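In the two assemblies presented below, chain A is common to both, partnered first by chain B and then by chain C.
Moving on, here comes the complex of A and B:
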């Protein structure tokens, strides 16, 4: 813990970090998430669209809801000392995840040709 | 010991300057960054389980299919409980930043309660599946299903224990730069588990009801 108070004084002050009195951001995020969830359930279970159409819509809704969590609940972009590195890490993780999932599905579409 | 005193002093100092406490020290700030690295690795871990599940989905070996097995009511409640717990955990972070110790503890306890509710539904679901003959060893589909959903459930269980310990620390020490950092990190973990669940209810349950 080599923290000197002189060092602390040098730190940049945060951008407009005033105390809010009511958690609007969280409540809006929660309502958006509930709506997106309801839409996904409705699309999959009530609307009888084609399979491809249904899957495309619910995956899109899931990605939207993930963004709500990341930006409204997880404070991804509000670090005081810069959020560049945490964004690089998490985006890299998401990139590899997408490559693994999409790549696997794509490769396995060839299984009938091989077997 | 010395570091605890130091933390408390820094806490005082930074509170005046309106910086969120969890980022107030270089140490706290780096640990939060380190946790994002861990989360990135978790994203990759779960992506492998998802990829496996998606490929194994049709390989039921004459056993139950996802359409027969998945109970809409059950996974709808699980989804609602986990999403709500993610929200209440966000409120706990909000209260922490206002320096409201009782508020943080209360909202974390609500979060834990919803987490336990989620686990209750999930355990009920797994028990029902097994009683219906849908065991992990029945088919490739069920192996992948229990591995993916079970790994998430294990994470939730772990998160409940972890969050409980953070509640105890905040109750004993109050909100300082160390406890606020621990609380912020456990809240990141909890929100992350909800993100994973979003993809589980989409790619496993809803998709399993469509195809």
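Moving on, here comes the complex of A and C:
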């Protein structure tokens, strides 16, 4: 909806933005993301596995969660020809995410040296 | 009676003494005053129709700026209370607890509720006008952003008269802010206020990326955009990439505090240092989020008032992009003393120094723009000229000193650091935003601010600023640490502190003169000033002042940078997409963004006191309002040609 309002400023043709189809993708994605969240909580609170095992499982769930977000909510599969902005922003986002994760692990390794 | 006194002491903070009682009286009187004025002028309907429900980017921008100036007053009063306390050794005007609360709210308000809304306000006012758009891409979302910010700010501001202010510093470091050590509602206020305002900020980031990428007038390629628009594009990208880190870290802290988790506690595997790590992953880009728009303003102001094209346009763009990437690789310099090891500290020290390079490029570009220009020292130009030495010497050079990790062990958390970041944030952001405010004021309101009174404000503020913060470098080197609520005599700290306090009050006088200038100009300055009073260069000055609701009656076609300057000089011909005026498609006003903000406030308030009935009610109401929007299809209208023609005629445009 919001997207169409940006478009509309350029071409004021009124009744062309009624969504006829039910947004199944979003609803399914929403349910999957809720289930993944519940699974992560369950793994941490109920399963009593070793720390490494718990971490491995919840990181795996986090990656799945990210894929759900990207493909079911964020229109990653929609291709707009000649639109390089999306690519630039997605790659920059991936780069910053990597910097944050790798950087945090690197910065916080000191704690094993301290303890 | 005793029950009431119990309530008054626990929640209304009456046990805290006269400062709170005075505040209560003042808040009461102000509220009564506002309501009385609204009743007297029968202005409720006007307020609701014209302002509270508006989705017009110009009005939203003005509301952001008004709110930011009010917050500047609040944060400034905090600052003066602190400076009064520190004017003499062994003073006990404020207790330690009060002092802690005051420096916490001072920092939080000044960065998140003064600098941010001032930046966002100016970008709201200027960006659509500069790119030839009729509004932002998502006007309704823009209104939601504003009300999220507004009610977030209100939530933080009620804390001190209802339940107690946060007292963990604006950085809110655990383990101190964990429930075990800091049980009151204050820290919850901090968390919820920032979360609610943060939603608005992220939405603004998305909004302006889309606006700038999708809604430029035909012909305006990226490299033909005004530099301010470039700076906002990059700022918006930084917001979208950095603010989620703050959201996550505050959510973790909230879960620690109200659900008993151990992300940052000292027991059960918690790691307090990781809060600091995550906080500054957001915190350092945030520094650039508030300074890059100021850089954008300076670029516009310098080129306008030197009557010259901006020197080194592509170098400016390149250096801002470089700053974006570098700003995500420097966050450890806020906690070198954590002791993450030589390799980590060297890496982040060097990356921090590297940021000085693109910043220096920009400084030289501004100087080169001024070189051989015909400089007019108007108010915007004066603030810009005050910025360059303050930012380079006070902020930049000391910043590189702080980046030297071994030396930072000496400077860390001392008044040297306090002076450094005030030179960047006041000397950079505040000067920049004031320059922008003066620059775009005629475009916003249709009259100029009086120069002579503005000069008084300028000199009081700028001299006071240096008198206030230069001695603090010395204090830092003499060993005074930040956040001390009082200090013993005999350390040689008294004189620099006393001078600093004088400077603080001079800045206060400067602020009052600024307010006087605005009030005087509202009453006395002639209306209907020239649409282009500065002989400026960019598209917004081709419009009437103030611009009509729809901004552009016809969409302009852009031929190059500084489009309006070359139209005035006869180098470009003014062309439009539509040969004649067409009906203009505009969004409808809506009261729901205001209500969404209000119910987020209710939910946030519930979280603060863990009154979950309020949380559920507030969030349900928000959900209903959002669902309502999803089923709304009649959210726009067309301004008919006759109305547009009438408006344009009244403005002398037809």
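The criterion applied here is as follows: the second predicted complex is superposed on the first by the 76 of 115 C-alpha atoms of A that agree within 3 Å, B and C clash if a C-alpha of one lies under 4 Å from a C-alpha of the other, contacts with A are read in each partner's own complex, and residues count from 1 in each chain.
The rule is short, and it goes like this: a contact is a pair of C-beta atoms (placed from the backbone, for glycine too) under 8 Å apart; a residue touches a chain by one contact, two chains touch by 3 or more.
Keep in mind it's a predicted model, so treat the numbers as computed, not measured.
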Contacts of A:73 with chain B and chain C, given as first, second, both or neither: first
First, second, both or neither for A:40, with chain B first and chain C second: first
Most chain A residues touched (candidates chain B, chain C): B
Chain B versus chain C as contact partner of A:100, first or second or both or neither: both
Which superposed partner A:29 touches (first chain B, second chain C, both, neither): first
First, second, both or neither for A:52, with chain B first and chain C second: neither
Which superposed partner A:110 touches (first chain B, second chain C, both, neither): second
Which of chain B and chain C A:84 touches, first, second, both or neither: neither
Common interface positions of chain A, toward chain B and toward chain C: 1, 5, 8, 17-18, 85, 89, 92-93, 96, 100, 103-104, 108
Residues of chain C touching chain A in the complex: 133-135, 137-141, 209-211, 213-215, 237, 241, 245, 271, 273-274, 277-278, 281, 328-329, 331-332, 338-341, 344, 582-585, 587, 629-630, 633, 635-636, 638
Contacting residues of chain B [partner chain A, same complex]: 2-3, 6-7, 9-10, 13-14, 17-20, 23-27, 29, 32-33, 36-37, 39-44, 46-48, 50-52, 54-55, 72, 76, 79-80, 83-84, 86-87, 89-91, 93-94, 97-98, 188, 191-192, 194-195, 198-199, 201-203, 206-207, 209-211
Complex contacts: residues of chain A adjacent to chain C: 1-2, 5-6, 8-10, 12, 17-18, 85, 89, 92-93, 96, 99-100, 103-104, 106-111, 113-114
Residue numbers on chain A that touch chain B, as the complex places them: 1, 3, 5, 7-8, 11, 13-14, 17-20, 23, 26, 29-30, 33-34, 37, 40-41, 44-45, 51, 54-55, 58-59, 61-62, 65-66, 69-70, 72-75, 79-81, 85-86, 89-90, 92-94, 96-98, 100-101, 103-105, 108
